[in-house]
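These are the structures, in structure tokens.
Paired with chain B in one complex and with chain C in the other, chain A is shared by the two complexes that follow.
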Partner chain A sequence: MKQSNKKDALIFLGPTFLTYVLFLYIPILFCFYLAFTKYDIISASEFVGLKNFTRLFTYSRTPKIYANTLKLVVMLVTMHTVFGLFLALLVRSLAHGTQHVFRFLYYFPCILTTASVAIAWRYIFNKDLGIINYFLSQVGVDAIPWLNDPFWVYGTIAIFSLWKFAGNAFLYFYIGLGNIPITYYEAARIDGANPFTVFKHITFPLLTPTIFFVVLNLFIASSQIFDEPFFLTGGGPGDATRTLNLYIYETAYREFNFGYSSAIAISLFVLLAVFTLIQLNVSKKWVNYDY
Partner chain B sequence: MIINIRNKFSSPKQLITFAVAVLVGVLVLLPLMWMFATSLRVPQESLRLPPSLIPKLPLLWSNYGKVFTTLPFFKFFINSFTVAFVAMCIQLFFSAMAAFALVRIPFKGAQMVLLLILAGMMVPAQVTIIPLFIMMSKIGLYDSLYALILPNMVFPLAVFLLRQFMATIPLSYDEAAYMDGAGRFTIFFQIILPMVRSSLAVAGIMHFLLVWNDFFRPLIFITSQRYMTLPLGLYTLNGFMGNGSTSVILAGVVLSIIPPALLYAFGQKYIIEGTAAGGIKG
Partner chain C sequence: MKKGVLIMVLILSTCALFASGGKEEAQSTEDVPFASREVTLQLVMEGNAEQQEWMQDLKKDFNKEYPNIKIDDIWLPMGEGGWGAYFTKIKTMVASGNSPDVVRVAVEGFQVLHESNLALPLNSYIEEYPQYVENYEDIHPRLQEACVIDGDIYGFGWDWNNIVTHINLDMLEEAGLPFPDADWGKDQFLQYAKALTGMKDGQMTYGVYIPNIYFSIEAWLYNFGAAVLSDDMTKGALSTPESIEAFTFMHDLVYTHKVAPVPAPGDQFIPFMTNRQVAMTFGGRWPVPSYVDAGLNFDIQYVPTFRTNEVIFGVGMFPVMTSSKYPEEAYVLSSWLSGRHSQNTYLNSFSIPSRISVMDEVLPANPPENSTLYRLSADTARVVQSPSKYPEVQQVVDRMFNRMMSDPNADVKAILASADDELNEVLAR
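Take a look at the complex of A and B:
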């Protein structure tokens, strides 16, 4: 039996093992290797030591690209968390029958194809023909250059990102709120606590695991942000919205500089891992898991 | 009328919350309404102001016909479906087998194997895409549907979901079947798989949506129009065509989001469950 256990486990894990080795583990190792080479897919790869990394840290464009990514991470993590929590509290305070309708509606954009709806949103943001500026003009606001002004492009990305993905944070918070035992609220009601006290002393502390999870997930997703700048701004104007992932894409598939591109990918990977570990550690101080 | 509203909302506060909720709902729907209304306009006037949010007569359903005649929409659709469906089926089968091994076959190192699989969720797509691109080019699969199907067989969430559900089935089922002379494969196919149907649906729908909506991998792996999936195809064609055919492109956009919308309408329960379960992993 023991003999066959080992054999059976191998047989059942075999296909997954094989696909993960081929399409996940080997590519990861390969990426680390490429980061130390100069490679353009046509000629043989050439070992260059740390040259890609020194270029990364000394090239005049890179600080801006890291800063853009950080700016977007801070902006999007904050906005999605606050807005998602707001929507969840809003829907939870509605009559029971209507909650499902709004949950369905608010999560709906999340399942839509980003590339498809982004095509439409580019027209919506159009300076002269877009509907946002049309409605603004009706109330006397001048046309806003949504797609080519270094300041407004961040608003553009924020609006699109919230419309498309706020449903995710909303859904996690909605589920999280539903897991808070109702008895706490009943006790508070009997004690005559006002809504702010209830939020501060019951909802918030008991929601901290969900908040942490949402923040961490948003952090991981937004530090890899690609779709929004790619579809809406193309990284511009200039380098205004060029993010790390967009830069990786461009160095690899427009300049065919796979070594350098891999080095940037590795830097993102390492930064992500370090920040995630820090957050996991800091979380022990404020996340409340016992209830 | 006023009395009716009073009956429905016990306090003015509840009326306000309801109104705010409706307002947000309208903001969610507005872009979609514009998309749909514009897709029915005369192509040359697609973007003429004022914009339409509610379809105006005459409704040009012919734009939807043009999607099929002037764009290779059907081809894109078939490609998207083939990639998402084939990847989903193979992936589910492999993941179910792995989950079965992890909880129903006692062996040393199961915990380690699980960690290795789940670690896949943490790896940014950008880290693996360059090596995969080079690998696919070298083995001649670049610019083919295989390049999209093969890497998509890695979907750690499925192993996680199926493992979790299989762990709740009492081991006595396996033991009883074993006594009756059933082998591991019989137990897997005839006892365990039928019992985890709903988890298979959750993992399947999540994966299908992910692959259907994916833009990044097709962008890297596909250059010929005949192998393009819907998101990439529409994006590329939108770049080629002028503003004079915007409504045709938007008709394509509307059609392309129908499959995920239908999946959502009928499988909402599974999608919510999948999202919620993804939340446990943190």
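Take a look at the complex of A and C:
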């Protein structure tokens, strides 16, 4: 690289790099330090060794919270991927003008504030006074405990999450589908391939980079899920939907136990890093970048 | 007990000081050394847009008297986490080096501030500059008692709230029920709840919405002769026989008698009342503006006497922060805000003024008809239990309650025992 190019690169990348260092890397390093301390943000931190990690791995509520997070990750990644792809295929099959309308409709909930819509949905889901159960009762269905049953509450989160965020996966798939060269489809049509064969041999293989991108992003986002349990269920009933991020928030900003919350955050960080590395390695076997 | 007597003696002696001519001997407000010092104080408040507007009027009035003290009001949203979340935000402001001078807190957060040495005792300022305190005796002594720890006065009672029964009068009339007497008990309450439950125009209406927030849950516990914590607030007391009876009764109202909807986490009862989906619920004065706006025909009565009758209360005040650079001016503001003018201007609808004279003026002039009940209940009210670990205690209670009320087959006794274990762990930490 020429000297002047190096200088240009430094000028353009420097501010962004500095921002990352200040607001991401330093806080992450600080979080590692805090995990070994007792710190309530008012008093000075005190070194406590592995005490926070011992509490994390011996506390009776911890396994449940990890399991909840894992359940939500599996559920949401699968549902958003399948539903997003289905919507994208559906919209791509429409006339060009109509596609704009549906693109807007499906993406619209993504731009709404989660807190405000989640509170409205909480009333909609109310077991005895909510509107969904009212309509179900009109067709003879018993009231569903949407927010009060450890099983149903996952369905509630899934419905809300799909309504609110499916537009994101949809948009990625919609763009990904648009990037597949049309010549492949024309050749398949000439060869008399049916829609299923076209999807299996052209669309899916050529969409794998997008699928991988969407799955990886969904995995990271749903591992850090916070809004849905916080606003819809409060982590309940009991601890039924308490996730790691919600637990981190509660220990940090309710208990003011920043050392312990940092230890939980580090455990999440390690889990995410390990799973992401596994996914990156596995992806080499199924993601097709050659077209 | 001894401590309580000592506190009362100190309060009364302070009152006596003000009443017996301390004011005459004091300097006038123009003579004090800080009278002309130009300062800007940060005041942290919580409230809605309407309350923010009222505050702007109050600021103007304050500046007419004290043009040298500017107020920079910062409004923190209460949010989903209630008072616990609000105090958390204040603590975060302090930790980030942006400490306010004066904060509005309810008693639930006062201990949090006190334990962290964030609240300044005002005794020395009161002694030195008593001219700034307006008729201390007028603040209801029982309410003011909650602003004092070990004889140190940390603020002046400004507003307060209690828990009473809110009753939809139209639904009561339709069910052919008379308005209950002040001493109504468990059986009559259950009879009312049953009579008020049923289908109307294809929609289910419930007799009662059971308490689902810490404040109202503890209000019920008090009337069952129980409490969330032991009297010295060092241990959980949820698994006492009285408490088990209280929670079993709440659970039965939902699942056995089917007169109450299942409370969902974070539910606000106000929309259910204004939509006429429930006939009775439990709150203080804060829902009154919403009821009035919705045209609800309602009135209030004491929480039924389940075993005893002990009205719960929480009081709000304006402590001065220890980190304030201008404690004298902050004291002036704190004191002024608890005055008659401030209470009359700001507290005529959503909260109860703490001054006896303002209560006597404001309450009878505003809905509901039985508003003077708020004033009467102050005489015998008992403060809500608020240890310094209040945000965590509140979390444990919320989680326990939510778990219990979500399960039709909940083992109430076992859940309360496990909640007590958790409370003990939190309080010992």
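Operating definition for what follows: the second predicted complex is superposed on the first by the 268 of 291 C-alpha atoms of A that agree within 3 Å, B and C clash if a C-alpha of one lies under 4 Å from a C-alpha of the other, contacts with A are read in each partner's own complex, and residues count from 1 in each chain.
To be clear about the criterion, a contact is a pair of C-beta atoms (placed from the backbone, for glycine too) under 8 Å apart; a residue touches a chain by one contact, two chains touch by 3 or more.
As the structure is a prediction and not an experimental result, all values here were calculated from the model.
Asks: Taking chain A as the common reference, can chain B and chain C both be placed on it without clashing, or not? Answer clash or fit.
Replies: They clash: once the shared chain is superposed, the two partners overlap in space.
Asks: A:24 in the overlay: touching chain B, chain C, both, or neither? Say first, second, both or neither.
Replies: First partner only.
Asks: Return first, second, both or neither, reflecting whether A:63 touches chain B, chain C, both chains, or no partner chain.
Replies: neither
Asks: Applying the document's definition of touch, where does A:134 land relative to chain B and chain C: first, second, both, or neither?
Replies: A:134 sits against chain B and chain C alike.
Asks: Taking the superposition as given, does A:269 touch the first partner, chain B, the second, chain C, both, or neither?
Replies: first
Asks: Look at A:126 in the shared chain and tell me whether it touches chain B only, chain C only, both, or neither; answer first, second, both or neither.
Replies: A:126 contacts both chain B and chain C.
Asks: Touching A:172, do we find chain B (first), chain C (second), both, or neither?
Replies: The first partner, chain B, only.
Asks: Between chain B (first) and chain C (second), which does A:181 come into contact with in this model arrangement: first, second, both, or neither?
Replies: After superposing on A, A:181 lies clear of both chain B and chain C.
Asks: Which of the two, chain B or chain C, is in touch with more residues of chain A?
Replies: On the superposition, B touches more of the residues of chain A.
Asks: Now for A:41: first (chain B), second (chain C), both, or neither, which partner does it touch?
Replies: A:41: touches chain B and chain C.
Asks: Have a look at where A:237 lands relative to chain B and chain C in the superposition and call it first, second, both or neither.
Replies: So A:237 only meets chain C here.
Asks: Tell me which of 19-27, 55-63, 145-153 or 235-243 in chain B produces the clash with chain C after alignment on chain A.
Replies: 235-243
Asks: Determine where on chain A the residues touched by chain B overlap those touched by chain C, and list them.
Replies: The answer is residues 41, 123, 126, 129, 134, 231, 253 of chain A.
Asks: Spell out the part of chain C that touches chain A in their complex, as residue ranges.
Replies: It comes out as residues 80-81, 84-85, 88, 91-92, 94-95, 116, 118, 202-204, 206, 261-262, 264-267, 271-272, 275, 277-278, 391-392, 395, 398-400, 402-403, 405-407.
Asks: Which of the residues in chain B come into contact with chain A in the complex?
Replies: 14, 17-18, 20-21, 24-25, 27-29, 31, 34-35, 38, 47-51, 53, 93-95, 97-98, 100-102, 105-107, 110, 113, 116-117, 120, 122-135, 137, 150-151, 153-154, 159, 184, 188, 209, 212-213, 215-216, 220, 230-232, 234-235, 238, 243, 246, 249-250, 253, 256-257, 260-261, 263-264, 268, 271-272, 275-276, 279, 282
Asks: Using the touch definition from the top, list the residues of chain A that touch chain C in their complex.
Replies: Answer in residue numbers: 41-42, 122-123, 125-129, 134, 138, 145, 147-150, 230-231, 233-239, 250, 253-256.
Asks: Applying the document's contact rule, which stretches of chain A touch chain B when the two form their complex?
Replies: It is residues 4-6, 8-9, 11-13, 15-17, 19-20, 22-24, 26-28, 30-31, 34, 39, 41, 87, 90-91, 93-95, 98, 102-109, 111-117, 119-121, 123-124, 126, 129, 131, 134, 163, 168, 171-172, 175, 210, 212-213, 216-217, 220, 224, 226-227, 231, 245, 248-249, 252-253, 258, 261-262, 265-266, 268-269, 272-273, 276 of chain A that touch chain B.
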